[in-house]
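Should a chain be cited, it is by its letter among A, B, C and D, assigned in written order, with residues numbered from 1 in that chain.
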Amino acid sequence: MELLTILLLVAAILQTRVSNLRLAINIILVQSVFVALACAIIGFQTNETHIYIAALLTAIIKVGLIPYALYRVLPYLHEEREKRARREIVSANLSTFMALLAIILAYGMLSPKFPGVAVAYALPASISLVLIGLVFIMTRSQAVMQIIGLITMENGLYLLGLSMTQGLPLIIEMGIFFDVLVAVVVLVILTYRLKLSFMSTDTSLLKKLKG
Amino acid sequence: MLIEQLYLVSLGLFILGSCSPMFTKGSAKATNYLAHGLATLGCVVTIVLAISVLLTGNHTVAFSLGAPIGLIKARIDYLAAYFLLAFGIVGVAASVYAIGYSREYYIHRLALMAALYNAFLLSIALVLTISQVLAFVIVWELMTVVSFCLVNHEYEKTGNTSAAYLYILMTHIGTAFIGIAFLLLATAANTLDFELLKTGALTGMLRNVVFLCALIGFGTKAGVIPLHIWLPEAHPAAPSHVSAMMSGIMIKTAIYGMSRFFLEFLGAGPEWWGQLVLILAIISSVFGVLYALMEHDLKRLLAYHSVENIGIILLGVGAGMVFMSKGLPVLAALAWAAGLYHVFNHAVFKSLLFLGSGAVLYATHTKDIEHLGGLIKKMPYTALFFLIGAAAISALPPLNGFVSEWLTFQALFFLPQAVGGLVGKLWSVILIALLGLTGALAGACFVKAFGVTFLAKPRSKKAEQATEVPGTMLVAMGFLSLVCVAAGVWPQWMLAILQKVLSSYAGIAAASLFQNSDWYAIAFQAQQAGGVLAMPVVVIMVIIGFGVAVVFARLAGSPKKDAGETWTCGIIPNARMEYTATGFAEPIRRAFGRVLNPVDVVIADKSRNPYHGVKITIHVHITHYISELMYRPVSNGLYTFANYLRKIQAGSLQLYIGYIMAVTVIVLIIGTRW
Amino acid sequence: MSIALLAVQTIIIILLAPFIQGVIKNTKGRLQSRRGPRYLQPYYDFLKLLRKDSVISPTVSWIFHFAPYIYFATAIAAAALVPTVFTFSGLKFDNLFVLVYLFALGRFFLAAASLDAGSSFGGMGGSREMFISVLVEPPLMLALFTVAFRANSTNLSVMATTAAASTVSFSAVLAAVAFLIITIAETGRIPVDNPDTHLELTMIHEGMVLEYSGRPVGLIFWASTIKQAVFILLLVNLFVPWNITGIAPVLTALWMLLKVLIVAVLLACIETSTNKMRLFRVPGLMAAAGVFSLLALIAQ
Amino acid sequence: MQELIILALVLPIVTGLLSLLQSKSGPLRAINLLGSGTTSAVLLLIIYRTTQDGNFSSEFLYVDHLSAVMLFVVALLTFTATLFSLSYMEQEVHDGIISELMLSWYYALLNLFSFAMISVLVVGNLGLMWVAVEGTTLASALLVAFYFNRDALEAAWKYVMICTVGICLALLGTMILYYAQVSTGGADQPLNWLALKSMAPRLDASIIKIAFVFILIGYGTKAGLAPMHTWLPDAHSQAPSPVSGLLSGALLSCALYVLVRNLIIVQGAIGTQFTQYVLLGMGMLSIVIAIPFVLVQHDVKRLLAYSSVEHMGIITLGLGVGTPLAVYAALLHIVNHAVAKSSLFYMAGVISQKYKTKSIRKIHGIASVMPLLATLFVIGILAITGSPPFSIFISKFMIIWAMFEHHYWLLGAITLLLLTGIFAGMMRYCLKMSFGAAHREVHRSKIAPSAMTAIVLSIAIIIIGGFYLPPLVNNVLLRAAEIVLGG
């Protein structure tokens, strides 16, 4: 379990260094696999059925459907990659550094606040995942990368729920999964349309509406 | 019971008038007669109501509107009745006048205008009677909104919409201040009822805040300099009978509000309240009249005179407040009576003048007096009535303006009793000298306005083709002229009413103020201070003098009168040789150059002849320091700042998410450190 | 009774007013080393003017005809309320504001009439007359109030009584000087205005009434002398304190006449010894009068 | 009751599906008019039943007076929006901006959006509420992007990204709340609002405080509170006008509703001091930030959008003051704002359709082209800026009054003066557009009756509400205020 959290964080950090979209999707897929595994392990530890179902849902939606949707949009986006040249917001090193900073922040500050959580050691990891996701959205301008950031955040939140209270009630859990799925689908549609309209999915072009 | 019925009937008539255009099936004539007839009726009923209240005492009409406004009380006390009386008199005249004047608007949304006009009258009547905070603010703003629509009625004309914008913006800001003042009082007294507002215990500092907010709020509506900038824009833009109501009555509702605050809700305050009012008042009166003198748009000129006269009213009010704070109740009564009497007088003669200028506008379709002239022959009655108004506003005896200015002078004269030592005397005498200056300037201004508009030869085709206006308009103006004379020659009646009005407030002792008055003379006595004025005697003196002059003139028989052209050094005079309004005011413009900062721009058209130009155009204008130094920098600064702040919405998604993170962190830190 | 006395006194002031003008003109003539006009010349002028035909411009309206009468009427009313030998508070109108505003009433109509004929000269005269009146107003108020504050009343009779009882002081001298300047300005004398000029562009009062001829000129002329007399009387009764009281009214009247004549001579002297100011220097002069009055108030 | 609620949830879905199946414009309009009319009727029936029978709660559903207030907003706005859409969208098709096919998609999405909003209001579980709120974002995202031009895509992208990030924070907060509930021993009724409310005083204060921060930021983002409001002007200005009206009037209100539901529990747990200060601060910030954008603006719909930010600020202030009067007024203000703002968006839609631009600079003389609309527009702007005698003034005044009563008089005074800044900007542009000379190419024309009905209906409510609140409405509001205050 601890190994899993470490792997999750490593995946997240790895994510910050990647500029190839396909690779990035692969990494998020791997990350989601880890989350599903973590879910299953917690289910094993606590012996609650609904956590198993949740793990299954994670596997289906986050490992299956979402990457599938992302892959679907990829062919339209060939030649697109996170540009590291002029328009970069922060360099790869800096974004890695920020991710590390988020991890340190999470581990250093937040863990003592919650006594008596179910799986205490996963808590800071999940918080750092949320933070890394946020950092990701803020520092990447590629549409797909921002979606990935969002999924990372979602993963972190999910893990958080798992570790704190062994997951939310199932119906809510299902609702959340459904929302995430729809969100990604909507975003993928938008990405596709962006590509059509702007000839690019670089969101840093989206600066016309101001004031 | 009677009072309640009268009240409801008058409101009902206004409401009916407001709705009446709906029933006339688009017939302009029917709309005109029905709506304005109902308005006239409503005003007549209001006069009856006011008089019966003044005879029988205070009345409260309460009716419940349920949530969200709650119980509404309309309290018609003496103060309200006094203002209602002025409202009724001016309203009758303006409504009758409107019947004739509205012919101009048969093709310009007459139905809308008539409906709005009735709504305007309704809102004023409500403002003067409602005595519940929330409802008051509502009807107060209703009055603003309705008059805003009327100002904007002729939106096709350039400048009217921006005038309306300035108007509604300024008054909205004013209303915000009024709201603050009311809410502070209301929360202190824990009630919304006017009658109980004075019971709230406020700390000294909060009382000062209430005072300042009320002063700013109502001062904006009244047009006190430096809050006056909307007034000369908005009043001319409205149809003339509406201008008359706005200038005559609407800005007086601000004085009504001030009276409520300074007499009833706050009572006597520190001395500096009154002194501040005096300072603002004298600035308003001097600068108001100076700016008026520089105008040659007839209605703008009159609008600036409203600023001046509000200043004169506030001189009385301010002096009254000083006397109140110093515990001189009788003198306070004198000063308040002066201010409030000028309220009535100004209402009458200013609306008379606006109606007169409306008649000129009706006949010639221009407000620019440089294009007028010679109207006295085409429109003799209008000229006469305008002259009476002009004489009244210039405080010439025996008209009403003189009496209230006399009272104001007297009040200021006794100011040293409240402010001791040399300072008091100097302050008093400076105020008096400046008020005298104001009077003289007003005289000069109305010589200009009357002379250039009505006398000599017409300066344009429009003025040549003018004809006398319809009878209803003349009747209205004649009525107001009569009131001007009556209130000037026999002011005792009105002063007796004012004595009643003022006697119910703490810190004021009005009961014995005018007890020495005769049937022909007003006399007041406050300890050693006293004064007396017999207007009929003055009239008789002037009449005797006139008789003597006639006798002298007839002494030597009747010599021949030959007709001969005006002397212009031997050439045949024409209208272009006449002295213009700009020329008439030029010496004063130059003498007061320090404060007016006149600017002349001479443009010589040398296109056809390079040596001596063919046509020379001179643009003459003055600098309005208040708008130049106060409003323009503020508005420019505000817009610059706004433009600067707009950078926070830069369009970058990353930045936006950054905001969310930042605020999360900040609130988290605050939360954990709490 | 008091009304009769008032009437008599007023009639005497009215009748004597041209005489004062005659004294001034005569003195001026003498000072200028010529034989001035007779003392009674103004009366002859008046009578002559009444008989003259007038030329009336077709441009004018009733205002033009009406103005001289109202001007004359206000002058007479003013003469009735100026405190002289007898003071009457019984009629309750002898207030200084009434006085000031009566003059304003006459001036208002005359200035309006100046615009009526439609000539540039009249307009110019009217404009300048109103300009001067604007400038005069504040120092006039200031000067009158130095006395009014002492009397604690704005009733002219009370003020005159107080002034009669007071002694010479620095303050009184300052106030008197201020009022003298105001008198010069109000009565249209050099250095503010030149009553004898015949150049249209320099005239103020005369320019204003340029279009009048015949009888109205006579009325305006007399009214102006009455106004002048009223101002001189105000000066001697309110600002020059050497009043003798407690003797027979006739003697008081004679003493007062003497004082008036002295002031008249003084005015003639001033008029001879100085020249007319530029119009836009007048504000400075009036400011001086104002400062004198303020100093007088401070020195009280 | 349960059946009614389920009916209200099912009806929009059915209508949406039917719309998808229908491609002819006539039947499409009929279906939607009928569908939204019935839905609104059902919602009003629910409200009525609530006033008569009191609260209704089942395992997942919960309706009380507070939800009734919001249900009224949603019922009214979905109805007027549909009504307005009928003619507005047809004109869009007529102008060739969208295709016939898109029209059925539009109605389907609109109904989905209504469904999402209704579900926010009828569920009694904070977790499900979160799901529904996120659902509203997703349902409306495609509506925002509906024109699929560059601006619309940009707006939609930002809308989804920002709101999803925000809503993730809200989920975090909800999880923490759940954790607090679990650790107090309430795991058997997870995130059930009633259960949480009854056990609120026993919850761990320090945890709840952190939960509150995340919930506030999260739902605050959705409610358009500054500085998380950045998506709002983009989305509101780019969406089709009926949707803008719904977004501004109904969606923001729904987000606030969820915030209030959470707030009730938080205040039960940690008292009112911290929450009130944070709410007051955020309310003030929202008002302040809106001012420069209202003062200097080039797009009529953005102008209205910033005004929404300001109004959310005012409502938050009312919640922050937290006296019965303030909360009552805040709830009333939600209703008033929703009605007025939606009608203004509709009018802005008509205007921009007529002038073929949203740029304020290019719009003049509406009064001479569409006199009635210009009148209503001026009335609407006067109302939205809080001028009497319109209902928004009443609620605004009450909120400020409550501030004075609660010894925040300085804050109240500043608010009043700040609001004049908004007034200055709104009025300036309103007059600039309404009056003056119109373009040559813009001809005087009539407005479709259905659009006019929608607008007039809203304006009439605003005017009547300024003088009179039916006792029924008043009672609902009073009871709702009690609920907000923990009663």
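Keep in mind that, in the parts below, a residue touches a chain if its C-beta (ideal position, glycine included) is under 8 Å from a C-beta of that chain, and two chains touch if they have at least 3 such contacts.
In this text the structure is predicted, and so the values were computed from the model without any measurement.
Contacts with subunit B and subunit C are shared by no chain at all. A simple rule picks the central chain: find each chain's mean C-alpha point, then take the one closest to the mean of all protein C-alpha atoms, which gives B. Rounded to a whole number, the gap between the C-alpha centres of subunit A and subunit B is 69 angstrom.
Measuring from the averaged C-alpha position of subunit B to that of subunit D gives a distance of 44 Å. The mean-CA centres of subunit C and subunit D are about 78 angstrom from one another, to the nearest whole unit. Centre-to-centre, using mean CA coordinates, subunit A is 99 Å away from subunit C. Among all residues of subunit A, those that touch two or more other chains are 134, 137, 146, 203, 206, 208-209, 211.
Multi-chain contact residues, meaning those touching two or more other chains, occur in subunit D at positions 157-158, 161, 165, 206, 210, 233, 293, 296. For subunit B, the set of residues touching two or more other chains reads 646, 649, 653, 657.
Chain pairs that touch one another are A-B, A-D, B-C, B-D.
Only residues 646, 649-654, 657-658, 661 of subunit B touch subunit A when the two sit together in their complex. Within the complex, the subunit A residues that touch subunit B are 89, 134, 137-139, 141, 146, 203-204, 206-211.
On the subunit B side of its complex with subunit C, the touching residues are 373-374, 376-377, 383, 387, 391, 394-397, 402, 405-406, 409-410, 413, 416, 422, 425-426, 428-429, 432-434, 436-437, 439-441, 443-444, 446-448, 450-452, 454-457, 518, 520-521, 523, 528-535, 537-538, 541-546, 548-550, 552-553, 555-557, 559-568, 573, 575, 577-580, 583-588, 590-591. Of all residues in subunit A, those touching subunit D in their complex are 113-114, 116-117, 130, 134, 137, 143, 146, 150, 153-154, 157, 160-161, 164-165, 168-169, 171-172, 175-176, 178-179, 182-183, 186-187, 189-190, 193-194, 197-198, 203, 206, 208-209, 211.
Contact residues of subunit D toward subunit A in the complex are 60, 125, 127-128, 130-131, 134-135, 137-138, 141-142, 145, 148-151, 153-158, 160-161, 164-165, 168, 171-172, 175-176, 178-179, 182-183, 187, 190-191, 206-207, 210, 233-234, 237-238, 293, 296-298, 302.
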